[in-house]
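Next come two complexes built around chain A: one with chain B, the other with chain C.
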Partner chain A sequence: MDLNLDAPHSMGTTIIGVTYNGGVVLGADSRTSTGMYVANRASDKITQLTDNVYVCRSGSAADSQVVSDYVRYFLHQHTIQLGQPATVKVSANLIRMLAYNNKNMLQTGLIVGGWDKYEGGKIYGIPLGGTVVEQPFASGGSGSSYLYGFFDQAWKENMTKEEAEQLVVKAVSLAIARDGASGGVVRTVIINSEGVTRNFYPGDKLQLWHEELEPQNSLLDILNAAGPEPMAM
Partner chain B sequence: MSSIGTGYDLSVTTFSPDGRVFQIEYAAKAVDNSGTVVGIKCKDGIVMGVEKLIASKMMLPGSNRRIHSVHRHAGMAVAGLAADGRQIVARAKSEARSYESVYGDAVPVKELSERVASYVHLCTLYWWLRPFGCGVILGGYDKDGPQLYMIEPSGISYRYYGAAIGKGKQAAKTEIEKLKLSEMTCKEGVIEVAKIIYKLHDEAKDKAFELEMSWICEESKREHQKVPDDLLEEAKTAAKTALEEMDAD
Partner chain C sequence: MTFTIPIDNGDALKNAEADSQRTLYPYVTGTSIVAIKYKDGVLMASDMGGSYGSTLRYKNIERMKAIGKHSLLGASGEISDFQEILRYLDELVLNDNMWDDGNSLGPKEVHNYLTRVMYNRRNKFNPLWNTLVLGGVKNGESYLGMVSMIGVSFEDNHVATGFGNHLARPILRDEWHADLSFEEGVKLLEKCMRVLLYRDRSAINKLQIAKITEEGVTVSQPYSLKTFWEFKAFNNPTAGAEGSW
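Presenting the complex of A and B:
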């Protein structure tokens, strides 16, 4: 089996953004793969752009990082000029500007989510070609295929913060179960008028879905309770 | 008030010993010689009015517009040298367009006024450029509500409840200060601005004038537009009546 360790780092990925009554919840898995090899099993795909706007990255790890870095820089200047925090709409449009104008060279799908005092919590999806779509919920990455129907049924308007976060964790965990290119832990970021909260859900603590196996204790752990010291003979 | 800046007033890049730049002050005088321009911020929008002094009876009424739309949600009224004003309006339109194409949202009025002010100021920094001989009142309605800014030839820009430039600016300011702007709607504001302009028009010195008015308010769907003809006529009639009542005293 060819691991293809020279393949560019890609984030197979499941990324999600969901609005609720008062803000947004962003969620993502944590697997970065180089071909079949998991280059980073605990990556953080939810990146800060400003105090009140974050972006979920998918696709090429390098492309998405560079785009985020540029937009963070532009937004910083914009905030200084305006004298107040940038809006989520403006952040999304700056990402769109880079994604559309460099569409031939970039391969990254992004979800921008945040809160501003004019519009409240907003989610903008910016897929491969560089369109911007404002949505009540958005999903992206290879794992998103498994979530379209799930969200159509499960998302409701005016959820509470707790309901929204549970929905996001459930969704990412469902996608991880089905998508080989998504895995690891579930990270969430909640953004509202009060600020930003980051949460972490370890992979082995997630709910098991249909036909998934319980984690087994390895026989090696049980049989050799106190083994020899590694370097001793 | 007139002081001769002998020797220190030949270039905009020269300060006088008492720290003044005379060329900028002379530019302001050009503005002071033009017809009055008034702008007020009412509780639901902005109203702007211009006293257009008619140079010739052969001119078509309604031509030579002094109030221009800079974007859907903002407009500018110009006082001073008309050709200079055209340049400033063109620049404002271009800034508004470019902001929207980069940031995907209508330009905030504060940002637009800062960009226009910095452009006007630019022309006071080089000896091979002369300052703009016009002042501008910028009215707009954005996410933060209605706002009114005034940009002077020096490049200064401030935000106002009520502003006036041109010949009758002192008299206009006195009248504006008498108004209770925070309780006034734009419909009432249109009448008041018309009354103010008619009142400070000097029949002796200047012959005829045409009243041009625009507004941005809830009624105009937050878009900058000419005041509707029927309301304008109503305003003119009310203004003339108010004048007659005054004269009758």
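Presenting the complex of A and C:
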């Protein structure tokens, strides 16, 4: 079986962005793969662009990193010139500009999410090709295939911050269960008028899905828990 | 203003794609647009879907937009290219307004501009992957035209793109006539859209109908069409032939 260790680093990925009553919650898995090998099992795919705008990255790790770096650089200058924080829409449009004009070379799907004083919490999806779509919730990456039905059923308008974060964690966790290219931990970033909160959910903090078993230290623990051997008299 | 990331694309002599920027294939696409002339102007219909391959990924995309005071542009094909075209037209309309001379771009002019853009991109082997429908009314004259991604451009009383070419046009050829009322026009478009809903895999049941008259452009709210499944033969189609489909 060819592990293809020379394959480009790609974030199989599950990424999610959800708006709620007061802000946005961004979520992602943490697996970066090179072919069949997991090059980084604890990556951070939710990248900061400004104090109030973050981006979830999927697809080619290199492409998404370089696009984020350019946009962070542009936004930094823009913020200085504007004299106030950049809006989420401007951030999304800068990403769009790079994604669209380099569509033949880039292979990265991004979800931009943030909070600004004009529009509140907003999520913009920017898939391959450079289309910009403003959405109340968005998902991307290979794991998102498994979530279209889930979100159709589970997403509701005007959720609270807690409900929104729980939804995001549940969704990423479900995608990880079925998508080989997604895995590791679930990271979330909550952005609202008060600021930014980062959260981290390792596998053992997540609920178990179909055919998943409670993790143990060893088989020996299970055998011993079944009761001590009858005493040899 | 374009910003291209400087990239070393390999030996330009050997690598065929090295120096050419070309859109090779579309990613997020819109399906058919159907449009007809009617008594007071033009009616255009489209669904709100953006497909990503075979996935019906986006269900709230507006594929028809007003251009200036007199025109309506509908697009099928790659949505990012449509968004770029809207930016070009924004600039066109802005410059037109800045003349401040009481004149404004009519549908004929916008159609001509788009034709030039599409054809020139085609010549550079870097097409905007869209088929565009341009409708409008100016000075009492209705106008309806179409431009494809290879620059083929024409006007007609009724047009359709994508699957609509095969499914909607025969209906329109049969049932369109001059001076349709608004109600007749909407019913005719809905007939076409319903067939597309049954038979086009990338169609979704959420559509808008737009109307352009001398007064201006109105795009309806999104709505869904009822569909009919109660044919007896649909109920148990293999009854007389077990094992068939």
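Definition applied: the second predicted complex is superposed on the first by the 217 of 233 C-alpha atoms of A that agree within 3 Å, B and C clash if a C-alpha of one lies under 4 Å from a C-alpha of the other, contacts with A are read in each partner's own complex, and residues count from 1 in each chain.
Basically, contacts are C-beta pairs under 8 Å (C-beta built on N, C-alpha and C of every residue); 3 or more make two chains touch, one makes a residue touch a chain.
Remember, predicted model here, so these are calculated numbers, not experimental data.
When the shared chain is aligned, chain B comes close enough to touch A:Tyr118, but chain C does not.
When the two complexes are overlaid on their common chain A, residue A:Gln207 makes contact with neither chain B nor chain C. Taking chain A as the reference, the larger set of touched residues comes from C, when chain B and chain C are compared. Legend: residue contacts after superposition of the two complexes on their common chain; A:Gln81 is shown touching chain B, with no touch to chain C. Of the two partner chains, both chain B and chain C are touched by A:Met97. Of the two partner chains, chain B is the only one that A:Lys89 touches; chain C does not reach it.
Of the two partner chains placed by the overlay, chain B and chain C both lie in contact with A:Val132.
Touch criterion not met for A:Ser193: it reaches neither chain B nor chain C. By the touch criterion defined above, A:Val66 lies against chain C but remains apart from chain B after alignment on the C-alpha atoms of chain A. Note: residues 96-97, 132 of chain A belong to the chain B contact set and to the chain C contact set alike, using the contact criterion stated above. Only residues 66, 70, 96-105, 125, 127-133, 135, 145, 148 of chain A touch chain C when the two sit together in their complex.
By the touch criterion given at the top, residues 78, 81-83, 87, 89-90, 92-94, 96-97, 118, 132 of chain A touch chain B in their complex. Residue ranges on chain B touching chain A, taken from their complex, read 102-105, 108, 110-111, 114, 143. Contacts from chain C toward chain A in the complex involve residues 2-5, 7, 9, 17, 21-24, 26-28, 50, 52, 55, 57-58, 60-61, 78-80, 83-84.
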